[in-house]
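Each in structure tokens, the structures are laid out below.
What follows is subunit A paired twice: with subunit B in the first complex and subunit C in the second.
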Partner chain A sequence: MYSSLVRIQNTFGFFTTVAFVVAAFVALSDFVAPRTPVIHSLKTTNLQVVRGRPHYYSSKKEEYAIIKFSLDADLSSLFTWNTKQLFVYITAEWPSTTPSGATIASNATANQAVIWDSIITAPSSDHLANIGPATLKKLKKSAAGKPIDPSRGKLSLKNQRPKYQITHPSGKMASTEDVTLRLHYNVQPWVGLLTWNQNVDYGRWLKLQGGLSKKFNLPALKKKDEGKAKS
Partner chain B sequence: MAEQILDQVRDVFEGQIDFEGQKLAELLANLALSVVGVVAFLVGYFLQDIKLAVWIGLGGTALTFVAVVPPWPFFNKNPVKWLPVGGGISTQPVNLVIGEKAT
Partner chain C sequence: MLSSLQNPRQAAAQLMNFGLILTTAFMMWKGLSVITDSPSPIVVVLSGSMEPAFQRGDLLLLWNRNILSETSVGEVVVYNVKDKDIPIVHRVVRKFGVGPAAKLLTKGDNNLSDDTELYARGQDYLVRKDIIGSVVGYIPFVGYVTIMLSEHPWLKTVMLGIMGLVVVLQRE
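Entry: the complex of A and B
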């Protein structure tokens, strides 16, 4: 500590040590906070299978499915002071089939495709959200300066259009049986481990209740002479 | 003349402090940073506000730097007592013979 430079160096070194230890405690504090995520309902509202190019730059025509859904969920308990963002996504899952067309029911999740996802920022990271200045202002105002906003994580989507059309490597999606929608979440903290929805209760963290929709079948392709009537 | 200015500049940047001051600086830095860390965590945890915790941590660290890095006078309360020029011991000649066999 014999010169100013040495004092700067030593002080900064201890500062990084303290910062690391405090960050470790912040990450550990998450385990003390209970998690009670609940899905009240998750169901499909409209099913469509279209034959065409699934994306603008797709080189070949395939059958792709558009699955509209309604979701009523309360994931607000996942937000703590250490939560930066909550990533929520819904996948469509269905079993594989034998060449003759019989479903292999033992592996109900052989095929999984994400149909919709969303990033829900905590008030502490609203400034990082991918939105324009007007929406950002509204978002910040809705949090009203509170570090924890209880309305974040409460999702109420009605007849939501999916973000992604899904295809299958075989190119066929029509009349697929035993499809279900499942909701997943990923808690992204400021410091600490990434955690996803769990199947088992871990201490104060309870498993997700009710994230699975009922089984449904995808419809057949619309015949050309029926026109493009919405089902 | 330039050398005198350079000496002054060097003194400022060296920021020399005496040994007791160095002990105090080390103790002060470690103590202050630890306290800042604990306070930042506790305030952030009970108010559930991580931004506040970060601000308190960074602010407290900045204050610690200000308190410890510059050579404040209270770091120089125990200056080293250098011996006066010449050694301070009596300069009477000592019977010192070099190179002869001891009889």
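Entry: the complex of A and C
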């Protein structure tokens, strides 16, 4: 009963049990940390609809919407010791239309498309982000030994160009009505459940305040002799 | 080993024990599969297309039931391309329509463009039934063993050899 093999087995079993308990503890600690995400403002600054092709060689022509926006947000309370990264994204949402062109107002988010996203790593996962060795060294040095810098969660973008130009399967985007921009976030932990922004308060986790922009309409197709249409 | 042949009852008990362990593991897996409604409720990340969130070797727990709300934009989903057996873990970036016929487009966080080239020929969007689950839980590093086993098949033989050795030595 005391062979080295049995000892190795017992040690390994104990290791897995301890690792499991520690992981469960870390995952549950997420629910104890309060979350108070706040969006101060989210608004569009420039709207354009242009014609284009999905790829260089494709013959299909589609309409693409380019929605520039300004954002002022404070998501620093989402960073805890268990946060690996924060994925922030802004979607444009609009209701669907019947074939005759009338808007089906009952579902204002029937169409959703991400126009911009950003990955904000926590200091514990900076080494996994796509940054070069010099920047990494500087970042590590500035973050070593300190609590998570709140500026990591503070976003302040002015007239930001969107990352993605969005289209609809029908190919038509011009003059779409009742479009809104909405900010979402996804907290990726080191261990545990992935969480997104919620619509109600769960205990210490407060819902996102103010992540919705005003409704706007997309302009008609930009013609060569007309100026840009603003909302 | 010879001692077990002389004691068939003990050998039968050992065999039954072994079978019990195997079937318990199998039933736990299938039970989890039924609860989550996903054919493969635990997946290992194989590629780096979702870095820095998921690295190769991380374990993901999937959930395939839409109890409170539909699968929406921003969720990380696992899907199979039509007729291919490779599950892909990416994030939903576009959704058009509601219900099971809604069109979904996915993209890996670490990829520059969306997954249109990965889909089957003529398929521009996914629908809900292509998705085998959305990621709800995450455990780092644990799955790296399965990646090592699949990329270095000789490891499987070594592991089986060691397990066989352990069984033989324990009998004596």
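Note that in this section the second predicted complex is superposed on the first by the 207 of 231 C-alpha atoms of A that agree within 3 Å, B and C clash if a C-alpha of one lies under 4 Å from a C-alpha of the other, contacts with A are read in each partner's own complex, and residues count from 1 in each chain.
Following the convention adopted for this analysis, a contact is a pair of C-beta atoms (placed from the backbone, for glycine too) under 8 Å apart; a residue touches a chain by one contact, two chains touch by 3 or more.
A quick note: this is a predicted structure, and the numbers were derived from the prediction, not measured.
Novice: Now for A:Val21: first (subunit B), second (subunit C), both, or neither, which partner does it touch?
Specialist: Only subunit B is touched by A:Val21; subunit C is not.
Novice: Of the two partner chains, subunit B (first) and subunit C (second), which one does A:Pro147 touch, if any: first, second, both, or neither?
Specialist: So A:Pro147 only meets subunit B here.
Novice: After lining up the shared chain so the two structures overlap, which partner does A:Leu139 touch, if you call subunit B first and subunit C second: first, second, both or neither?
Specialist: Touch status of A:Leu139: no partner.
Novice: What is the contact status of A:Ser124 with respect to subunit B (first) and subunit C (second): first, second, both, or neither?
Specialist: first
Novice: Looking only at subunit A, is it subunit B or subunit C that touches more of its residues?
Specialist: Touching more of subunit A: C.
Novice: Touching A:Asn82, do we find subunit B (first), subunit C (second), both, or neither?
Specialist: After superposition on chain A, A:Asn82 lies in contact with subunit B alone.
Novice: Thinking of the overlay built on chain A, is A:Pro169 touched by subunit B (first), by subunit C (second), by both, or by neither?
Specialist: In the superposition, A:Pro169 touches subunit C alone.
Novice: Using the touch definition from the top, say if A:Leu194 reaches subunit B (first), subunit C (second), both or neither.
Specialist: A:Leu194: touches subunit C, not subunit B.
Novice: Which residues of subunit A are in contact with subunit B in one complex and with subunit C in the other?
Specialist: Common interface on subunit A, subunit B vs subunit C: 3, 5, 190.
Novice: Where on subunit B is subunit A touching in the complex?
Specialist: Of all residues in subunit B, those touching subunit A are 13-17, 21-23, 25-26, 29-30, 33-34, 36-37, 40-41, 44-45, 47-53, 57, 61, 64-65, 68-71.
Novice: State the interface residues of subunit A toward subunit B in the complex, per the touch definition above.
Specialist: Where subunit A meets subunit B, its residues are 1-5, 7-8, 10-11, 14-15, 18-19, 21-22, 25-26, 29, 80-82, 124, 147-148, 190.
Novice: Tell me, which parts of subunit A touch subunit C in their complex?
Specialist: Spelled out, the residues of subunit A in touch with subunit C are 3, 5, 23, 54, 84-85, 87, 89, 91, 96, 107, 110-114, 117, 119, 121, 125, 128-130, 164, 166, 168-169, 184, 186, 188-194, 196.
Novice: Write out the stretch or stretches of subunit C touching subunit A in their complex.
Specialist: The touching residues are 51-53, 55, 72-76, 91, 93-98, 103, 109-110, 116, 124-125, 135-140, 166, 169-170.
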